[in-house]
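Some structures are shown below for you to check.
Both complexes shown next keep subunit A, but they swap its partner, so subunit B is in the first and subunit C is in the second.
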Partner chain A sequence: MTIPRYWREFQHRYRLIGTKCPKCGRIYFPPREVCPYCHRESIGKMQKVEIKNTGKVYSYTVIHQDVPDFKFLKPYLFIIAEMDSGVKVSGQLVDVSPEDVRIGMPVRISFRRIREEDRAGIIEYGYKFIPDE
Partner chain B sequence: MVGIVSYGSYIPRWRIKVEEIARVWGEDAEDIKSGLFIYSKSVPGPDEDTATISVEALRNAMNRKSVKDVGAVYVGSESHPYAVKPTSTIVAEAMGFTPEITAADYEFACKAGTAAMQSVMGMVESGMIKNGIAIGADTSQGAPGDALEYSAAAGGTAFIIGNDNTIADIKRTYSVTTDTPDFWRREGQDYPRHGGRFTGEPAYFRHVTSVAKKIMELMGTKPEDYTYAVFHQPNGKFPTRAARMLGFKESQIKQGLIVPYIGNTYSGSMITGLSAILDIAKPEDRILAVSFGSGAGSDGFHIEITKNMEDYRRENAKAVWKQIESGKYIDYAIYTKFKKKIKMGD
Partner chain C sequence: MRDVYIIGIGQTKYGEHWEKSLRALVVEAGLKAIEDANIYSKEIQAIFGGNMSAGSTIYQDNIGSLISDFSGLSVNRIPAMRIENGSASGGAAVHAGFVSVASGFYDTVLVGGVEKLTDVSMEDQAEIVSGEVDQEWELFNGGTLAGLQALMARRYMHEYGAKREEIAMLPVLSHEHGSENPYAHFRNRIKVEDVINATMVADPLTMLDMAPASDGAAVLILASEEKVRQIKPEVKIKISGSAMSSDFMSLQSRENLLELKAVRDSTEKALKMSKSDIKRVKIVETHDSSSIMGLLILEEIGLFPKGKAGKYLEEGYGHKDSRVAINTSGGLKAKGHPMGATGIGQIVESVIQLRGKAEKRQVHNADMALAINVAGTGSASISHVLEVV
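Moving on, here comes the complex of A and B:
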């Protein structure tokens, strides 16, 4: 990821800022500029909304693939969480072993390192899920 | 009166036992445990560092009380993720405080967090800001096989300091600073070095006890006037001995003595012990809190719990002892991977 793109996405990567359509009330994460249901009626009117940081595991998978950025975490969990506000958010679930995860498990957002460019490059931070038990 | 408006701590979930480190280096675990009064220490996950620990600690503080008017963020640590680029900017951005805020990183071995507290106190008292944030957090380093490897741990605590609605008033702060080469890390070195026994009398005990005595003299108090006392915790032995030298009883230091189970969290050490005390303190309780940073210096605080503590939502974040109890143990191999001590290929 380029530095300008990472910098542009701070709000949703750091603080789970999504957007809400003022017409139909649907919340989107990652944020969308246009509501796919209300189309042009939402253009320029989408509102920023901070998504409450708790939810539960809606679905999960265990990744054993050798992804260089996540070598130190392998095998790791990737989940879709249903947040308390109803919106579904995907991300890594950490601080728990794959054998201990279950659908419906309460989770919350944690601020973590996601990856680093290289040993001399920038460190990219963002959200991950952790158990909320 | 200036004081703590809210507080929060974060201790990473992973732990390693003294037995496991001693097994690898062929040492006697029982000797180490009785010598250092440490049984296990916290280990950061591979995706955790001082910035992430600071944000989590501060989010816990904000969950207990959401404070809007924040004018400063200072983060004290000796393990800032970047050599050049502030941790405090990452914390401020993650909390949504940017751009109208002043921020900086502090460094003073294990007392950088209390140095940040004093700076914020001064800014609040002068009227420059309404509320400010002081954080002490570390993912400390101990060379493999060195005595420090048994204690160098990870964790941190955040305080929101202000004049209004304080849960704990800071009635007095006092510091002692000298040039004492007891512990250091040169630029570019991976691990710190220390002066062995020299870290005791001329460094830790001299600074901690002189600050504690002076605070009591300035406040006209005696050890028995305090409900709790907490001192910097490089190991379990030092603060226990300092408390005894000053005339404090075990019952006064027990709640804040967390080092035997999570190790020395450096800039987070004394203040996380203080956080554990705030988890149970009642209005009118008095706390004597003294940090120590190698190099060397000590900051002391006379703290009194206010009536606001009765309505304060402590339960909105996990208490320190609850976090300590929810640790998961790992072996030395996983520990070396998590701490990135393994030399990787290109």
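Moving on, here comes the complex of A and C:
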């Protein structure tokens, strides 16, 4: 990943910034420029919102694949969480062993290192989930 | 809108073709299709090429020109373009070819798909096949295609109380049918225990839940009514429905992980176009890039109740001798999954069945088939209904 491609998403990944449609009130994460349901009426009017960092496990898996950027982590827990603000967010779950994970378990988002140095020499940071109980 | 027919089919065996290049594969399938259609190459007016990953696997883009050139068609100066929609590239190319003939613009077109995956390492393959999920918001965080589909599988078991064994029924069925298909990547039969005990990929899905990375190519020749009258094929096969739909790119954006809205929409539209309904369909090719995807599709199109597809398969539904035959080709799981070719290969199998030439895997009285080709976790879906007329 080149530096600009990584840096471009900084604020969203570091501060969980999504967008809200002023017309229907739907919240989106990752952020969108246009609400799919209100479309034209939302263009240029989408508002930035910070997504509250707490939620519950909606589904989970343990990934064992040899994917170049993640094999140093393998096996790793990957989940979709239903956040208290209503949106779903996917990401890794850390600081818990796989056998203790269950659907409905409270989690929160924390700032972590995502990858070791990648091909462009960047150490990438972003969010991961941790247990919240 | 004019009627569109399939007058020629061709495919390579799917699998590991160490000795063949991408261009050799697509030319092999293309020449077979032209011969099968009993036409001359100069009669082909346009090429629609399905391919997902040549830019990443062999650093070759501009696949339309490559296919045109090495099929010997570039000297005819015909248009040749590449269509890319991840794993649904092949189906999308068929839809584009269909539209071009239905509109009246062309009378005879070649739709070809190809993928060459064994020119890269297994590790790179895992990353490349995940190219169809959201790179910034899924793969960046470690969400591979298999991992995301595993999230669907876990949720499926949680919401419906489906058993792990039930999910394993689709790979078992696909392998059983694939064992009779000489073009299949894998021709061994497997048991439920084999699926469950295989190497874990993304819990609960194992290696035997997942379609393999295959090399291969598949080609169709599409023609208008006028053209078909000249050629007089033995069995006249019409594309009576063709539709494509899209959905949110990433799984986290969907309200319900177990709803494949694009699949439902494209299938309803294709069936409506063919003035038919799911009950009339005798053969279904489902997109089992993983067991769970294949099952969710079967449920979404109304073949089985939600959460129950695996249970129905346990009772013998889906077998080639049952009321509806599923994945007689072996599906993506056993026939193989060369992404750009996959959706076209599903239709090649349907044509073989409708012509009554499927030998040991022939479905009795096959007169209508439905093929569903999907991208990623359901972000795009193309449905085709084929009929003997």
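By our rule, the second predicted complex is superposed on the first by the 128 of 133 C-alpha atoms of A that agree within 3 Å, B and C clash if a C-alpha of one lies under 4 Å from a C-alpha of the other, contacts with A are read in each partner's own complex, and residues count from 1 in each chain.
Please note the rule applied: a contact is a pair of C-beta atoms (placed from the backbone, for glycine too) under 8 Å apart; a residue touches a chain by one contact, two chains touch by 3 or more.
None of the values given here were measured: they were computed from a predicted structure.
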item: First (subunit B), second (subunit C), both or neither touched by A:T61; value: second
item: Subunit B versus subunit C as contact partner of A:C24, first or second or both or neither; value: neither
item: First, second, both or neither for A:R15, with subunit B first and subunit C second; value: first
item: Touched partner set for A:V94, first subunit B, second subunit C, both or neither; value: first
item: Partner chain(s) touched by A:I123 [first = subunit B, second = subunit C, both, neither]; value: first
item: Which of subunit B and subunit C A:S110 touches, first, second, both or neither; value: first
item: Touched subunit A residues, subunit B compared with subunit C; value: C
item: First, second, both or neither for A:F72, with subunit B first and subunit C second; value: first
item: Touching partner for A:I3 - first (subunit B), second (subunit C), both, neither; value: neither
item: Subunit B and subunit C footprints on subunit A, overlapping residues; value: 73, 114, 128
item: Complex interface listing, subunit A residues touching subunit B; value: 10, 14-15, 50, 72-73, 94-95, 110-114, 123, 125, 128, 130
item: Contact set on subunit A toward subunit C in their complex; value: 9, 28-30, 58-71, 73, 75-76, 78-80, 87-92, 98, 103, 114, 124, 126-128
item: Complex interface listing, subunit B residues touching subunit A; value: 13, 45-49, 51-52, 55-56, 59, 81-82, 90, 93-96, 328, 337-338, 340
item: In the complex with subunit A, residue positions of subunit C that touch it; value: 122-124, 126-127, 130, 136-138, 140-144, 146-148, 150-155, 158, 199-205, 250-254, 257
